[in-house]
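Working notes, structure below.
Just so it is clear, A, B, C and D label the chains in written order, and each chain counts residues from 1 on its own.
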Amino acid sequence: MTDADADTLNRAMMQRDRASAWLGLVVERDDPGHAVVSMVVREEMTNGFGITHGGLVFALADTAFAISCNEDDRVTVAAGADITFLKSTHAGQTLTATAVRRTRSGRTGLYDVSVVDEDGDAVAEFRGRSISTNRTF
Amino acid sequence: MTDADADTLNRAMMQRDRASAWLGLVVERDDPGHAVVSMVVREEMTNGFGITHGGLVFALADTAFAISCNEDDRVTVAAGADITFLKSTHAGQTLTATAVRRTRSGRTGLYDVSVVDEDGDAVAEFRGRSISTNRTF
Amino acid sequence: MTDADADTLNRAMMQRDRASAWLGLVVERDDPGHAVVSMVVREEMTNGFGITHGGLVFALADTAFAISCNEDDRVTVAAGADITFLKSTHAGQTLTATAVRRTRSGRTGLYDVSVVDEDGDAVAEFRGRSISTNRTF
Amino acid sequence: MTDADADTLNRAMMQRDRASAWLGLVVERDDPGHAVVSMVVREEMTNGFGITHGGLVFALADTAFAISCNEDDRVTVAAGADITFLKSTHAGQTLTATAVRRTRSGRTGLYDVSVVDEDGDAVAEFRGRSISTNRTF
């Protein structure tokens, strides 16, 4: 499968992704092993401390991970992930998640996602563990 | 501070939590070191594979973690977390996250959150790392 | 396979385990999904700060994990693990690692290992991710 | 403090590190935020499956992490770490761990360590979480 094919499959996957639309996620880059996704923090995304809910920072990173790890026509899903929160953000800020493949072998892969704010400050570091299924797109 | 006080502070925190309201989270139990939160998966919470977006499963677990780790009048936040995804779920299902303190010492704590579906099947296992700030509620 | 069979296989595995012997690990309990292993910290196990090398605390926990996750005649190995260090220890102390299965489904499992010192104080919390191979003992 | 100073402190730390000597670790590079450490796998480092004990692969990575995260005169220790095991290795092989700072802010830091064998094949990926204490060297 060519990169262009993977790209097409990823676009189809994202078009059906209702959660990403609901969260207002914008796919800035979508290549096998490399994806960039951004999100504007809305008021309804803040928690009881008035800062962006960690779960939604995770959701942004997880989406960049999902795009980057679906590198061929097999459906690849998240087996798990670890996130470290580095800086609080607020409504109105723009967060950008950049996912890069770290390693991929057989059915499993490891992808690192850095989330930064509009000043480039580190907001979170995420490492996703992927597993490819036997299903195809 | 008594448990009742912590309970009151947690309720105030959750009342200000716009993300939890937006996600439709329901706090079933709210004790220091022990919280239960549920969520009905809505269509807009599903990803491109038609299953619940992992980021929203994380958001549910993270909220139960946030409630359980705010055990006194210091603001306690997530330093990070690890999640393992065990089973896919779909729109219409009810997910329940139960958070339990594993250890807490000084300013840091570790909390385990199990997410199950309405049949009690394991959906995800989450371990959160908390850090208490110098700020108070 | 019965628990007694798994027990026999685990004993054979541990008899061939040269690293565990080298580290002086003692298997206190060896049941499917539940293992207890102890280690006396020796001078040569301390790092440049004079405390037990984190890698050797991990090795202790990892061994308890390996025993507990080999629950049947398939060879099960560690896919990965996360450890949180809670308290420093010194030469002469006895550390005990207790591993308990958290979840197991299909080929993957999750096992929690708590490491305590001789006073029962928490030294480390470890969560191991297992994967069963197609090989048998 | 200059890099040369940090280098001197790290050397002193490693000279006192009995575990590293015991494991036969060789520090190939020792710069703030960047360290390389190698280890020849010995027979006594193998487990019951005849492969390198995961705990000793962790110990190698953890040592590279410890060197790279002690970037100034404050004693910096491991708060925790996550490791993913990618490939089995055997006695006689040489493993090399390369640690690189990912992020550091205030008292906490995140360091990525890649462990490869003599063919450059990925053996493990490790991410360490550091915390600086108030003690100085």
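We adopt the following convention: a contact is a pair of C-beta atoms (placed from the backbone, for glycine too) under 8 Å apart; a residue touches a chain by one contact, two chains touch by 3 or more.
These figures come from a predicted structure and were not determined experimentally.
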Pair joined by the larger number of C-beta contacts - A-C, C-D: C-D
Chain located farthest away, centre of subunit A as origin (C-alpha): C
Separation of mean Cα positions, subunit C and subunit B [Å, integer]: 29
Subunit A-subunit C separation of Cα centroids, rounded to whole Å: 33
Length of the line joining the C-alpha centres of subunit C and subunit D, rounded to whole Å: 21
Sites on subunit A at which at least two other chains make contact: 79-80, 82, 84, 129
Contact set on subunit A toward subunit C in their complex: 79-80, 82, 108, 129
Interfacial residue positions of subunit D with respect to subunit C in the complex: 12-23, 43-50, 53-56, 58-63, 66, 75, 77-85, 88
Partner subunit B, residues of subunit C touching it in the complex: 82, 84, 86-87, 102-103, 105, 110, 112, 122, 125, 127, 129
